[in-house]
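First the structure, in the form of structure tokens, and then the observations on it.
Going in written order, the chains are labelled A, B, C and D, and every chain counts its residues from 1.
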Amino acid sequence: MSAPGEPGYSKSEIMIAASARQLVGVRNCFVGVGLPNIVCNLAQRTVAPDLQLVYESGVFGARPERLPLSIGDPTLATGATAITSMFELFAFYLQAGLIDVAFLGGAQIDRFGNLNTTVIGDYARPTVRLPGSGGACEIAIHARRILVIMRQAKRSFVDRLDFRTSPGHSGDPAHDAARGWTGTGPTCVVTDLGVWGFDADTGEMTLTSLHPGVTLEQVRENMGWEPRVAPELGTTEPPTAEELRLIREELDPGGIYTKPGA
Amino acid sequence: MSKVTTMRDAVAELVRDGDTVAIEGFTHLICFAAGHEIIRQRRRDLTLARMTPDVIYDQMVGAGVARKLIFSWLGNPGVGSLHAVRRRVEQADPEPLELEEYSHFGMVCRYMAAAANLPFFPIRSYYESDIPRVNPKIVPMRSPYEDGTEVYVVPPLRPDVAIVHAQRADAEGNAQIWGLLGCQKEAAFAAERVIVVCEELVEEATIRKDPNRTLIPGVIVDAVVEEPFACHPSFAQGYYDRDNAFYLAWDRIARDPETLQGWLDEWVYGLANHAEYVQKWGDAHWERLRPEPAPSGEVDYGRYR
Amino acid sequence: MSKVTTMRDAVAELVRDGDTVAIEGFTHLICFAAGHEIIRQRRRDLTLARMTPDVIYDQMVGAGVARKLIFSWLGNPGVGSLHAVRRRVEQADPEPLELEEYSHFGMVCRYMAAAANLPFFPIRSYYESDIPRVNPKIVPMRSPYEDGTEVYVVPPLRPDVAIVHAQRADAEGNAQIWGLLGCQKEAAFAAERVIVVCEELVEEATIRKDPNRTLIPGVIVDAVVEEPFACHPSFAQGYYDRDNAFYLAWDRIARDPETLQGWLDEWVYGLANHAEYVQKWGDAHWERLRPEPAPSGEVDYGRYR
Amino acid sequence: MSAPGEPGYSKSEIMIAASARQLVGVRNCFVGVGLPNIVCNLAQRTVAPDLQLVYESGVFGARPERLPLSIGDPTLATGATAITSMFELFAFYLQAGLIDVAFLGGAQIDRFGNLNTTVIGDYARPTVRLPGSGGACEIAIHARRILVIMRQAKRSFVDRLDFRTSPGHSGDPAHDAARGWTGTGPTCVVTDLGVWGFDADTGEMTLTSLHPGVTLEQVRENMGWEPRVAPELGTTEPPTAEELRLIREELDPGGIYTKPGA
């Protein structure tokens, strides 16, 4: 599948593998469609065997028999442990603080993990109208931890959001602690170039590892602010053979989300 | 009292120009057939409410029935954008489209407030988000108790008409749904008028055998329409699968206004009703979408006399 | 992870002196066996929350485990008064009992507020009633919208422990209930700790066959106890009938403090556990309470792969 | 069953029959236990064949196969059209104004139909502690019409309530109209002596008919204020043979609620 000199895995695959490892021991996770869905299913088969998949569509403890193509795929409902109305899912599970981890992404992210999924340009006359919040705004506030999966680019890693759909850190940890939210906000951002954490003192995104073969220069070229880099910048562990097998044979056999270029 | 009618009559009698219409269903049980009939009857100036304006609202917006959307997530789920909607929002092409947006929980709570006849509903969301800045209906409020916790409140959303699809219903409109429940119940109770569309019209006795399965009671229902495959390309749990190929195809169809109009001519205006739509897709299509059985098992209510 | 334990261990570990305890169930599924075990373990200073303090709370109050009730309707349903409660309220005999009272909807909304992590819950009730006058936790509030509608709000009620009975549950605590639902779900989600008691412990696969039937998810459950006939003299839909004769008999038993203590000695303190209680009533008793079958019928979720 | 010179029906039976006739054409009714339950079941078999019975316990469209001994009797659940949680019943049905008629009663009623089900005496140190509101407070506010069934006595038909649990009319119809409640309050009180309506101009309880053999003097002796009497005071139609047959053979064959003296 890979040309000589290429790493033998796609950008999506290393993003999936790196994200799945963030879920060690996690009890339940709010799953999105696409990459986050594959991440959670991979984690369930590797580092988090007890992981319960919770879908925004109201499904608890899903056991999908195929790769769900949306968070409302019928394969999620059949064989789940519970299905609730959207009201109850948001009120009793999310708002009540029962969700350990949730995945978010967006068209734009800033250095504090605030996300824009609403518009590019002016709200009233947007250049690009994006989907909007969905559940992201409340997920950002209530899930105990937020993981972000996004490809890096100057237009998406921006100094200033066009619109703040979902709140991240404020830049003032004392303020953040005083907000009294059940969630602690974004803790990790996995991109196609590396893995980022958030600095405890400033709430700022901090590069903790580069994917194999990626340079710091490439990272700088693909973002809109000067990155903060961890003192001991590491290299992301590449996907193992077993992880790749699970992704390619079980989780996304059609390569819909993971084939090179996807 | 039987409320059974045809989709044509239900829409003709209950959906009026200028109405706020909610065709709900979170991915599941989205009643495309009702949307098509509204297009076919050329309703105008509708405000379309829905958590997730889906391909059906892109079709309705493309057909020119809507002047406004009230929503929380705007997209072709798992595929991408709603191009007809985007053209109107980004380029006012062919005319502007008003947007009023919430988060998912905010939308659900707007229905909830109306369903429960409450003047507002409190939620813990929107903190430090720009959403309340662009939607003045989302208002901060403090708890009157000692903690003084700040919440936001949203106002009731009372659609003129809610259209909800169920796997089965009786002639009076008692409707049973399984699988994803979305906010069908809240939307139905919130609305002034309710159309229940179902895959199968069943005897009242079938409903009465499992009263806990009833999501929507006949008392709030105005019309009952039996319309198999009415949710295609969405799905009905246990009856047919989501037609993902159509969701993908719609992305291509909707990118070009002429292609979109051609699709509407062929699949909506050119057909008399949903039965013709079902026939046009052909039996093999429906056969491919049919799942294997996965029975629920029974429980015993006990007979007490 | 299995949470299966005995009633003795569940109460010993999860119910502590001074706790606020909610044994919920509106007529249906009232877990008397849990109340008896709390009496047997001689807990003290409990605040007992329940919409309808029933014979079980009269027994618990008579046994001296409670210092306070939070409730909305205080009686022996269909029979009359709770005499042990009345003696303490009317005559402080043998000691006072603090009361904090709401209407039914107010109680439900207190659980709802806690379950949904809201600082208050608005309801349209209490207008021109004396209830808010004697309960300062019920507070008027105006809608921030133009209509300015006045509502009352109630604060969250977060029991330390909720004990809910279900017809069936799996080892992780996923619990399925049919028939009257009461406010079991809201009370369970509201509580810090949850004990699920069930008529039958079933395989996880049974639960997964009908996920819409799951009222309480294992994720909020701390202990699962299999205890057939645990609701007697209340009932479990499809399993056994309400023992109305006992409700009538309790009226006589509870009128006299000594008779009440004698009953507790014989039926609670004198027995090691609920299995002995079941045995003491005898097989013929349970046979008389068993209903004829009334199966729900099945639905098809469809297998999608 | 009746001695010579006695009317051939019990006080409960005429109260039931008179109340059932109030339900002509009603679509749905919030049913209480005891007499109101028998009233609704009788109406369903006579003047209101489409009447749906709604129980506070969350049951809609009940078809009980036996006389329910409580509003939570299992016979109500089996074979109903819908069962809802208590939250939904109170929020979506009652508070939303879907309930046409509800029955209330109490230990005390005043001339405006306000009811006390909470205490006799002082609230903090009651002479008699009663059950409290249950759903009565919100039922009084939201059900479109309230029917009251109570036996008359000086201690229960009082000039001044010890505690107002459930609001009735205020005595000022302009105020009542401005309250904006979905309900219009009490419209009829059926006692063991007669039937009362409410005066449109004052909201005051007004005697519209005496049961056969009852005198106005008896009514006066059994209440705590000087009664308002309709200009054309009628005589209550006694229970018909068919109504008595239904009550005695089908609805309360054990005479639990309807035997003489019950």
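In this section, contacts are C-beta pairs under 8 Å (C-beta built on N, C-alpha and C of every residue); 3 or more make two chains touch, one makes a residue touch a chain.
Not measured: the values here are computed from a predicted model.
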Target chain C, source chain A, minimum contact steps: 1
Hey, which pair has more contacts between C-betas, B-D or A-B? A-B
Roughly how far is chain B from chain D, centre to centre by C-alpha average, rounded to an integer in Å? 41
In whole angstrom, what separates the CA-based centres of chain C and chain D? 29
In whole angstrom, how far does the Cα centroid of chain B sit from the Cα centroid of chain C? 37
Per-residue multi-chain contacts in chain D, two or more chains: 59, 73-74, 77-79, 83, 91, 95
For chain B, residues contacting two or more additional chains: 117-118, 123-124, 149, 178-179, 181, 185, 209, 212, 237, 241, 291, 294, 301-305
In graph terms, with chains as vertices and touches as edges, which category applies: line, ring, star, complete, or other? other
Can you name every pair of chains that touch? A-B, A-C, B-C, B-D, C-D
Interface residues, chain D side, partner chain C - complex: 33-34, 56-59, 69-74, 76-79, 83-87, 90-91, 94-95, 118, 123, 125-138, 141-142, 163-167, 170, 179-181
Flag every residue of chain C that touches chain A in the complex, lowest number first. 1, 115-118, 172, 174, 185, 189, 204, 207-209, 211-212, 214, 217-220, 301-305
Counting only contacts in the complex, chain D reaches chain B at residues 27-28, 50, 52, 59-61, 63, 65-66, 73-75, 77-83, 91-92, 95-98, 182
Where on chain B is chain C touching in the complex? 117-124, 139, 141, 143-145, 147, 149, 151, 153, 155, 167, 176, 178-179, 181, 206, 209-210, 212-213, 237-239, 241, 291-305
Residue ranges of chain B touching chain A (in the complex, touch as defined): 26-28, 51-52, 71-75, 77-78, 81, 85-86, 89-90, 101-105, 108-109, 112, 123-131, 134, 149, 178-183, 185-186, 235, 237, 241-242, 244, 291, 294
